[in-house]
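Each chain carries a letter (A, B and C) given by its place in the written order, and its residues are counted from 1.
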């Protein structure tokens, strides 16, 4: 049972990771992250259920398509609003999210779909039985995070990304193609969302609004972890997942959905910088 | 081109710049008063909605456009105002005290949400208001003693001093409150409080050094904005006549933000433009949905080109799909932010300047300085 | 008689001593300048005086009162106004509104009287306007009165910042690099204005400046800093020829 909470938390964590990556690099907050998740799930569904592709092939296709889409989004739209107030960007991504949902409902219809996966069995580990669906989420998250960690620390482009998010101007002067890096970061962030969407699909089913609820809780997770911290996002996600689980089990009806937000508000009131973040101030 | 000669400081303090301004606004007032005489009751009640939305717009404009604090949860304040008013009416409190109490309660809620806001900036505040709105929605769902949950809370037309207000006269009631809100807000904006808000929006640190107590003025902005929303909520309750929890969702909050952005940030005129836009868009889409296939179909039969008819049908079919309206709103939002960040009011100013300086208009007058990275990350 | 005193002022940023035991006092009616190489802690001292930073040690005394614990928004009401190195104007407001905001410390009206815009509020507004107009005239800003700051050239913005600081009716004016970004001509204007502020308005000026010509033209006394420590105090020419100062600037 605890695994379910952790697994759902992992999904929140992955989406929160997407927020944090983009925020660290570009100072934009992408409110359409949840809808990228939804797009990922739909593309995978289309490939697997409609075209009859193999699960892993569909998985790969969805990740690649959504990643490219993320990069395209950065190039065509978001680059134009860099330097405008943050609020404009927030509204822009909200608008984009609404467009994606409409696109999905026109393309795939507003029905609810079920994705069949290779993970419908159960595994017994140390005497406890776990559902494969949830296990796949946890394992997938660990793998993805490991890959990202290695990518950011051991590849040239990963290090360039780190440099860019710390000081754009300096990075630019050192010959790092900052714009390209931004597109790359968007692609990675979108791909993370797509992975989260596909992993989540068997648990919550696929429909056009699946991203919304997840994104809101992922927000809570990102803030909980301190908006600029990558491990914070994951820990925050798992914390939110567990809070939700326990609130649903031990508190009266209705608290399950509100509990993460109550925690979030309390957190913001008491420690606005989150668990792992730090607050700075503007230099004058 | 009309030149404005100022002869007294009072002119800058007053509500209208000069007699010409006063004349045009009076004309607008007369038109607003006479409107119900020209229209059927159905349209008049629809226009009441524009007026209510305009009050919501003022509320959000104070917060977003003037103080620079973004709230994604204003629908919750609207809901609190609506439910409070509906509940007070149900337990037999007369109309005026009921509205007053609804406003007071929403103001208090605004203060409470604003409290953590004092320590937060930018995106954190937005997220906090979002969280607040989601919690409030759960409260509406589950506090059935007051809200009657999903059964809904019916609200009849107002009865003031024993006189029941007809649907046509409800328009005047809304108009009165809109003008009142405009006047009060304008008063604040032309006095130290309004300037302090603008200062906080543009540079907190300079505002502080000039003697502005950030926490107090942010709280005032929040409370005032929430109070206006509560007033709008009380009117809204009568307008929709049946309150249900899912009306006051995030999409409504986003709609209000769309209103202020499309109208034009940082202008009270913009709230009216924005309200008209947001209220009229859905009916326009539904009219287009029926009209485009019909008219293109007629064109196809008259010209004999079947493709035109097919295109018409396709467009109609597209518009008829569920969720398309939200997408169109999203598209408009994206386009406005990319192409005209000052919204309809900004466009209106440009057109006015174009005609008043014709033929000497320079595009560069309104060219924005291109700014590259402007860090809001406080380091 | 001294108007302002910094007594053994210190602040650390994560182990780095940005300002380390700085003591100086500014006499009433003088122009006191702080110079030093980049990163010497000059602006940090300003941020300490306007209470944006919390000092880790030492005391600030203004007009005989200890202001080390005064919150930042009360500094203006006491009579200390400042400008900013990189211009912190309210960009999407008119110049007039910027200057009127500076009258905030003198506001007397409450929220509800403003809500109704009672006659008392109107009277006070007109009073503020008159005070502001005096400054506008003093600094020759008439033609920009209704312009939005975003549309003004850099030099005018710099003067606007000065005007805004003057509108608070300060006793002590903190100028953070008033000449940075200005051309030679504008810098000369700035020098005249600083002298006028001192002589005509009788306002004490505490200034951070790099341009040595401006410094020697207007300053009565100069304090040289390096690595957050004071290295010399005296008249401009004394400080300029002080061997430690020369070493600090030229290295070695």
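Convention: a contact is a pair of C-beta atoms (placed from the backbone, for glycine too) under 8 Å apart; a residue touches a chain by one contact, two chains touch by 3 or more.
Given the structure is predicted, the values throughout are model-derived calculations rather than measurements.
Colleague: Select the chain at the greatest separation from subunit C, using centres from the mean of Cα atoms.
Modeller: Taking each chain's C-alpha mean as its centre, the farthest from subunit C is A.
Colleague: Measuring from CA centroids, which chain ends up nearest the centre of the complete protein set?
Modeller: Per-chain C-alpha centroids ranked by distance to the global centroid put B first.
Colleague: Compute the distance, rounded to whole Å, between the mean C-alpha positions of subunit B and subunit C.
Modeller: 41
Colleague: Can you give the whole-Å distance between the Cα centres of subunit A and subunit C?
Modeller: Result: the chain centres lie 47 Å from each other.
Colleague: When the centre of a chain is set as the mean of its C-alpha atoms, what distance in Å lies between subunit A and subunit B?
Modeller: Comparing mean C-alpha positions, subunit B is 32 Å from subunit A.
Colleague: Give the residues of subunit C touching no fewer than two other chains, as numbers and ranges.
Modeller: 52, 84, 88
Colleague: Residue numbers in subunit B touching 2 or more other chains?
Modeller: Residue numbers touching two or more other chains: 205.
Colleague: For subunit A, jot down the residues that touch at least 2 other chains.
Modeller: 281, 284
Colleague: What does subunit C use to touch subunit B in their complex?
Modeller: Touch list, subunit C to subunit B: 50, 52, 71-77, 81-82, 84, 88-93, 96-97, 100-105, 107, 109, 111, 114-117, 121-122, 125-126, 129-130, 133, 150, 164, 168.
Colleague: With touch defined as at the start, can you tell me which subunit B residues reach subunit A in the complex?
Modeller: It is residues 64, 68, 70, 115-116, 119-120, 122-124, 126-128, 130-132, 134-135, 138-139, 141-142, 204-205, 254, 257-258, 261, 318, 321-324, 326-334, 337-338, 341, 370-379 of subunit B that touch subunit A.
Colleague: Name, in rising order, each residue of subunit B that touches subunit C in their complex.
Modeller: 9-10, 12-13, 184, 187-188, 190-193, 195-196, 198-199, 201-203, 205-214, 220, 266, 369
Colleague: Which residues of subunit A touch subunit B in the complex?
Modeller: The touching residues are 23, 27, 29, 77, 80-88, 90-92, 94-99, 101-103, 105-106, 110, 168-169, 208, 216, 219-220, 223, 227, 253-255, 257-258, 261-262, 264-265, 268-269, 272, 279-284.
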